[in-house]
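Let me begin by handing over the structure; questions about it come next.
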Amino acid sequence: MEQAPILRVRDLTKTFTMHVLGGKRVEALNGVSFDVSPGQCVALVGGSGAGKSSLLKCIYRTYTATGGAIAFKTASGDTVDMASADERKVLEVRRDEIRYVPQFLRAQPRMAAVDVVAMPHASNGRLEEVRKDAGAMLSFLGIQPELQSSYPSVFSGGEQQRVNVARALLRPRRLLLLDEPTSALDAGNRERVLDLLSAARRDGAAMIAIIHDIHVLQALADHVLVLDNGRAAEFGPLGRVDAARYVGGQP
Amino acid sequence: MATIAELLERSGSRHSGYSYAFLDETAKRDLRRAMLKAVAIPGYQVPFGSREVPVAKGFGTGGLQITLSIIGPGDVIKVIDQGDDAGVNANNIRRLIERTTGLDTTLETAGATVIQTRHRVPEEVLREDQVLVLQVPYPEPLRLVERSQTAARTMHAEKDYARMWLALYEDVVRKGEVTIGAGYPVVVNHRYVMASTPVPRWDLPKLHRSKALHLFGAGREKRLYAIPPHTDVAPMEFEDHPFEVEGFGGTPCARCGAAATFLTERLNADGSRTLTCSDTAYCDLRLTGGKAETWY
Amino acid sequence: MVLALLTVRGLTKTYGPACRGRGSEGCLLDREDDPGTSSCAACGLIAACSDVSFDVYPGEVLGIVGESGSGKTTVMRSLYLDHMPTSGEAYFAAFEAGRHNIFEADRPQRRRIRNYLMGIVYQEARRGLNLLVTAGGNVAERLLAADWRSVADIRSKAADYLARTEVPLDRMDDFPAFFSNGMQQRVQIAKALSNSPNLVLLDEPTTGLDVSVQAGVLDLIRDIRRDFRVAIVVVSHDLSVIGMLAERTLVMRHGRVVESGLTDQILEDPQHPYTQLLVSSAL
């Protein structure tokens, strides 16, 4: 039985007006609608410039939607429209419920990897405890303890990405927005990250993930949203959408 | 009530043409009004219209104006300078008072009703019927930390003494103790910070709950203030760096042998130096076998 | 529902008399949009800041960004009651339970707000510190104002704060006049934090510092925010400083707030032409 959606996106439109360029308007999203339920993972696919990142950022409210609604159902049963909610409400939802994992780690400079992972969760428990869990998760992802006390700015791309994922997954969140979560990883680390993400799904987390790798898509996603030039070209269960047309890699 | 003319005649003033006690009655009334206010608000600096007196500014004109305003028939005046009745300045002021009032003067602390002083509080305990008038050069204790008089007055009004405390803290931190000697700041009646200027620390405990009225006058700065009898006077001090009076290493007075008085260095004819009592009246009293209640 | 710690409404600070509509184009103060200038063409009035409104919530960091002359510092000095605004209101939860406008506080109340309820760090250390009072003494001043009377207790408390802000304790009894700029800022921060204020105002706290020193001070502010759970308003012309510290940001220009929002939204999806210019001009 399918649960009620945790997120309903309706007619989402995002247009950038670039005043610096004489008021030039760029349409990033145009009338996008879809739902995500707890435990589901929607893969976002489409060519570059199709609007995938814009969609994630609109849901997270890093971009302010130009039109439409992004109705998020909170744990307490309220519905928050991320397109129009006030800043305080958005911050609250970000703190407790939605986590955005950008493709590249944007961490506070000069902070040890273990703290980068632990700090966003410090308010949900004793710091020492959170830090211990952060260390364990980093170790699971192959970041050795001696590396955990170094600054991530000196890490390789793959190491940074694992720190990024660990930071998102250390404590359960009800909706994860993932921008190519495994793009910089080798096969072994990719499997570990996918294991973690699958476990989060089984625990009920909903996910929207930009995926460019058919293997990752098949391992993680159960729905596919195809974006084409800012519009939702196709949306449906994995089997019914020919995702392979839009992503690389061999099945 | 005697008229002024009668007072003058009775006093046998040799300077007819001058008012009794030199100042005109309006001036005295003005000063007395300021004094009443000062007594009502212990430690608060009251502005007053400082008059010209035949003494140069800086030589005790504030104290002199107070003295001249409060004395009358029956008073006995003592004037001391640095504890010494024989100082030039003390002699001049004493003579002025004698000539303009005809009052008796004395060198003995116990025999005086009004004592005008610079730099010292007598070693003998004062009584309810005595008034000590102190000559003050700088009435504003906050001048150490605040140059603007207006700002300083606002600080007093708001009891904002943090910067004064900070100055004392800095002194302790950098020199190990509060180094202010004469003019150590005190808190009067738990409210106003007051300059005890310019008496030495030695004399500060004598101000606390004294039976006598203390009046402070600064002629050049045109301010006067008061400590009424039985008023609490506390030096500004830290719990762990309590206020201490000067010590003389147990040296007794070379003249009278007193073990606990404020001593001053005197140059002898042969060029040697000895420490003797700063309060010469008390020293003389001891030498002549007299007895007096002291603070110690 | 969390109540705001500080609510500012219509904060305006002008210099010179206002014409208020006597000129043909109307007074600068009556215009709703960004007038493109801080000075009224009709009457010559200068509006250092005009009609600025915002809220600060407990424990959050609010950024104010804008070029020099945009009114950021005027807002800060008004909040710290360094000067009185021409009009406007500010309600501070720590003062009279937020029922009274702090701009109408009397002098002792203002002193209490400045000494106990708020702390400030100025861009120029000489404004925030007495450079001829020891580093420890500068921190001690606020404690002395709060009636601390034991030199040992004051010293140990001041040493706590100085250690917390990474000022070497062997410099505690030295004059800040002889400190590096970065160290002076650390002493200012220690002073601002003494007496555990509810709100700390940072006015360009890292401007003018060498890059490495700036990084150290930013890290310190970040740690302090975490450890002291104090609300912070930080003013900077530097978007990267704001991006690192603030969750929400106001953009000011010509004395007005032209845009406000979540900091990541301001940086990635700026709406106002000026904000777009600011973001696109960042290095």
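A, B and C are the chain letters, set down in written order, and residue numbers restart from 1 in every chain.
The rule is short, and it goes like this: a residue touches a chain if its C-beta (ideal position, glycine included) is under 8 Å from a C-beta of that chain, and two chains touch if they have at least 3 such contacts.
Being a predicted model, the structure only gives us computed values, none of them experimental.
With chains reduced to the mean position of their C-alpha atoms, the one farthest from subunit B is A.
Relative to the centroid of all protein Cα atoms, the closest per-chain Cα centroid is that of C. Subunit A and subunit B, compared by their mean Cα positions, are separated by 81 Å. With centres defined as mean CA coordinates, subunit C is found 35 Å away from subunit A. Separating the CA-averaged centres of subunit B and subunit C is a span of 49 Å.
Along subunit A, no residue makes contact with two or more other chains.
Of all residues in subunit B, none touches two or more other chains. Residues of subunit B that touch subunit C in their complex: 154, 158, 160, 162-163, 165-166, 169-170, 172-174, 238-241. Only residues 107-108, 111, 115, 133-134, 136-137, 140-142, 144-145, 149-152, 154-155, 173 of subunit C touch subunit B when the two sit together in their complex.
Within the complex formed with subunit C, the subunit A residues making contact are 16-20, 57, 61-64, 87-88, 90-91, 108-111, 119, 122. Partner subunit A is touched in their complex by these residues of subunit C: 2, 57, 215, 219, 222, 226, 244, 247-248, 261-262, 264-265, 268-269, 271-273, 276-277, 280.
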